[in-house]
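Letters A, B, C and D mark the chains in the order given here, with residues in each chain numbered from 1 onward.
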Amino acid sequence: MPILSYLKALGRALGDELAADERVCVFGEDIRVGVANVTNGLLKRFGPDRVVDMPISEQAFTSFATGAALAGRRPVLEFQIPSLLFLVFEQIANQAHKFPLMTGGQAAVPVTYLVPSSGSRTGWAGQHSDHPYSLFAHVGVKTVVPATPTDAYGLFRAAIQDDDPVVVFAPAAAMGVREDVDYATLVPVPLGVARVHRPGTDVTVVAVGHLVQTALSVAEELADEISVEVFDPRTLYPFDWTGLAASLDRTGRLVVIDDSNRSCGIGAEVLATAAEQMRLVAPPKRVTRPDGAVLPFALALDQALQPSRDQLLTAVRAVAKGG
Amino acid sequence: MPILSYLKALGRALGDELAADERVCVFGEDIRVGVANVTNGLLKRFGPDRVVDMPISEQAFTSFATGAALAGRRPVLEFQIPSLLFLVFEQIANQAHKFPLMTGGQAAVPVTYLVPSSGSRTGWAGQHSDHPYSLFAHVGVKTVVPATPTDAYGLFRAAIQDDDPVVVFAPAAAMGVREDVDYATLVPVPLGVARVHRPGTDVTVVAVGHLVQTALSVAEELADEISVEVFDPRTLYPFDWTGLAASLDRTGRLVVIDDSNRSCGIGAEVLATAAEQMRLVAPPKRVTRPDGAVLPFALALDQALQPSRDQLLTAVRAVAKGG
Amino acid sequence: MPDAVALYRTIRLIRRFEERAIELVRSGDIVGGVHPYLGQEAIATGVCAALRPDDVITSTHRGHGHVLAKGADPARMMAELAGRVTGLNRGRGGSMHAADFSLGILGANAIVGAAGAIACGAAWAGMLAGSDRVAVTFFGDGAVNQGVLLEAMNLAALRRLPVLFVCENNGYATTMPTAGAVAGTITGRAAAFGIPASTVDGMDVSVVLDAAREAVERARAGAGPTMLECLTYRFDAHHTFEHRVRLRYRDDADVAAGRSRDPMQIQGARLDPDERTRIDVAVETVLDEAVRFALASDHPDPAGALDHLYASGLRARPGVA
Amino acid sequence: MPDAVALYRTIRLIRRFEERAIELVRSGDIVGGVHPYLGQEAIATGVCAALRPDDVITSTHRGHGHVLAKGADPARMMAELAGRVTGLNRGRGGSMHAADFSLGILGANAIVGAAGAIACGAAWAGMLAGSDRVAVTFFGDGAVNQGVLLEAMNLAALRRLPVLFVCENNGYATTMPTAGAVAGTITGRAAAFGIPASTVDGMDVSVVLDAAREAVERARAGAGPTMLECLTYRFDAHHTFEHRVRLRYRDDADVAAGRSRDPMQIQGARLDPDERTRIDVAVETVLDEAVRFALASDHPDPAGALDHLYASGLRARPGVA
């Protein structure tokens, strides 16, 4: 079977949506040339009316996409850096997100915001290494963080097909993931439905994005000791609470590993909702970035602030024993 | 004793800091005239070099404040609408907040961002009614939400004196609160230290901002039935975890009432940290805005989405019985 | 194209609509207040008179005039201000978000400068769909210092979009005089991006209409965006809260000078007095009915507070569980 | 003011510093790569030659030249790029955040267009402190479409701030040709706000120096901001990742034309050949030492990863508990 890389999966999803729906179009910087390696070849295939290179005017082109969406298009925006989402937070959270309710249902804003290589890219330092998905979960903008090439393909397509704004985070650390796939089986993956990568009975590990691989490897290492269920929410907002409750019904123990800042991150939301409503037989744990983290440049410092395999291992062991 | 209103407390704190420290200055829109009722009279007292009216260029003047801070000033910025913080999120979260670490300790950015009348102001609808404090707690920018005039005075002064960026949310619904005070006793209130407004032994209610009054009234109503401790964190980031742990050591039961969106809000953080590390003898509860809330214009709809007294009452009763 | 009578009628409708709305603010039927468009009526009227029904507009916090001039039903508009289910936005938007997509009204916007880029995107979509539809974005003198609006001008010029940037320079942004906030000139901002711009008398609807027509023709012909700076004056408060709290930023002489040229009188003087009276009466009837309709309409059911939050139909988790 | 020799020396220092840095990227000693300043050296050199030590600058993602020209120690700069504790930022900043506040270098900035307003604020603070200190903000042709930079120009003009806006127009923003992104002109953006602007040859350091001197004098005299658009060419990749992944956006003819005028050769030709050799050798010695120093320095201790996060000394909660 052919091998699909995460990046290729994103490019393929975009190409397939452009081909399937004339309303879909792509905006971004350097997308003609495909600097981020997602849009390569699309200009030639779909022309400059569908694949539109933009000046460094993120705020304007984000609201430009909103306007185009209000007029019937389904734009996909590519951002070169995760923190550019800070720059356009007003345009997404206060404009695009609010149109349907504020207009009493007259408007829809089907725009997809893609951040290839989100999170820390080694050596890109403080202003290029944020992973701000929890911010969108807070304001209520649909947020997906695919972990595998198949899910990257499927969730990205579903995001484009969705009638609401959706932010798609493609973690830099997931870019290396490859999968044997039969292209014919690649299909959209519905938003809001989690995926259990590995079933288990002792501890549920909720892992976000690239950390799914970390969780799988920890589960494997602990296999003789603790039966770990690896739960990949895939969509952080709306979250698959039903799926999580079912998992905790089995395990009653919870660890979340999440590459965003601790305070008010998605890890907090998972623990809070579980503590309120689900079966927990021991105190749960989070493995996250520190509060307010700014990733320092030097490699060892950068890595010291990211949630690690060792931390997860320790947390799973502690939660398995706790209660 | 004289009566101090919440608004007057803010104005007084600002005036006192301007008088106490020449480095302090104020930037904002319509602050000459004092449209938000905080800066009235300051221009006359301190002159146009300290009280600077700005064009509607929030992004530029926010980073302008960063630059002035890097050069030794201690600017206070007034924003007319809470959602303007979305517009300047890049300038606060990605610039001001990051300077100290990125420069290896060479720089400090002592800027205070004040949002008088944050949260819902009846009838101002979707784009003027957010209460985005949890976003700042996530990125790690110091965040305070005073509940009373005395605290508004004290926390605002402490924020201005702090060497880091601090966002001060002054809830619209707290503006009506008045207090008898002896002016001589007004002092800065240290950031990061909570205040127990009412001790109790059965349930700890963590209430944010204007909801402290709601919590006090619920505690009073339930007094014969349930002993409610009303815990006002005052600072949401850094949070007074030691204080909360001490409260839960007493009560073991927790309800949070928080006027921000549910998912990844400060309520989630409080529940998560409590579930991980503190004594909880029953499942905790949150009373918040719904996920992704956009406040509709019509009064009854707007109010339907804000955390209410009734909801808190029900939640406290349920948590008191739970476990 | 509308004649002098029709232009007067629209000006009169906006004028009296605003005065009625202010009454309803005073009576408590409109909650949250409004930003009155009084004094600026000739701009919305003149510009929208140059438009076709399928053209689109974006508006501002001071948006009633634009929405009415583009053809919104005054009764449903008034119902929206009163937060009723029969309102344009089913009571979800209110004054600062009134929209009627069926008429190309993409909404008032409460964030200064925010709508320009939205208008550009809508213009682009129309252009690529092969339509010769035009988009107009209204904004105040305060908005010309907002980065996103300037970025939008660059986009419009780069892609030769059929967009008309209409700046309503009423001399103030809330309490800030234009000169205190705008370095250089407003038209110079357009010129920076190679967009033709002119400054016109915003008190004379026929002047506005002529300028708008020319710009709209250019846009339809594929010649790209234009900026019009319309000089005007805000006759009333920045917002009705000023009726309660007096703010001192315009002295009496300034106000008197500003109000000395009234767009309603200027256009009214061009009409036969009897005809004018006939129109005034007719407008009053429309507004009587609008107010009656608004106040007789139902308030929305709080159970539906989260309706329309997601176009996809997603239901949000409530704030208690 | 520096003479021709000193100007050449700085250009040469930057040129060779960049080439050395690229070698260290290739060897893996600099992680994350760099945005080489090759070809643009005359701009940083000329502008900073017009400055006093107490003047301040803000820089960009392509910032090595600015930082060196303003006087940073090449050894500590190289150590910063290599992420060592001896670096300007103690290894916390790297290429895109290099700063030396003791020399008025308020930092490179990784967000396009972000630093202009910061420079304005610093300029304002200096002005009010009674100093005649000047602030320079460097940015690329890509930044002139960023709203916040345009807003900053308005602020600078309004308050007549002693700020010099230096646009380095190297023809491209990453792969985007200037003409594809900039409607109107770059100097026109300054003109919009009433800021005097001129376009100069950014390849001839003496031309840049003259223009910068004039602007700095104006600023010191209280006459407000100036914009200089310096025409230049990026000789190398947008970023060293391009050394691994070939991107097709400049054809050979374009590159050849762009490189045909080399600021180092232009200024070098003005020197006595022996003197030039002497300087080249001296620069090489400095850089040998810089590389040696950088690579011999310690890596930071991961235990201090959160050091300096808060100027107040607040310690953040870790990511595990």
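Everything that follows uses one rule, which is that a residue touches a chain if its C-beta (ideal position, glycine included) is under 8 Å from a C-beta of that chain, and two chains touch if they have at least 3 such contacts.
Treat the numbers as computed from the prediction; the structure is a model and nothing was measured.
Farthest chain from chain A (centres taken as the mean of C-alpha atoms): C.
Per-chain Cα centroids separate chain A from chain D by 35 Å.
The distance from the centre of chain A to the centre of chain B, with each centre set as the mean of the Cα atoms, comes to 30 Å. A straight line joining the Cα centres of chain B and chain D is 39 Å long. Across the assembly, chain C contributes 89, 91-93, 97, 109, 111, 145-148, 151, 154, 158, 180-182, 306, 309-310, 316-317, 321 as residues in contact with two or more other chains. Among the residues of chain B, those touching two or more other chains are numbered 54-55, 57, 59-60, 83, 87, 90, 94, 101-102, 125-127, 140, 238, 263, 273, 276-277, 285-286, 291-294, 296-297. Shown here, the protein chains touch in all possible pairs. The touching residues of chain D, counted against chain C in their complex, run 145-151, 153-154, 156-158, 180-185, 188-189, 191-195. Taken together, the chain A residues at the contact with chain D in this complex read 29-30, 32-33, 35, 37, 53-57, 59-60, 81, 83, 87, 121-128, 262-263, 285-294, 296-305, 307, 311, 314-315.
Listed in rising order, the residues of chain A touching chain B in the complex are 83, 86-87, 89-90, 93-94, 97-98, 101-102, 125-127, 130, 132, 134-135, 137-141, 237-239, 260-261, 263-277, 280, 283-286, 291-294, 296-297. Taken in their complex, chain D has these residues touching chain A: 30-33, 80, 83-84, 89, 91-97, 109-113, 142-143, 145-147, 173-176, 180-182, 245, 247-249, 299-306, 309-310, 316-321.
Those residues of chain A lying in contact with chain C across their complex are 49, 54-55, 57, 59-73, 75, 90-91, 94-95, 99-110, 140, 142, 162-164, 192, 238, 241, 273, 276-277.
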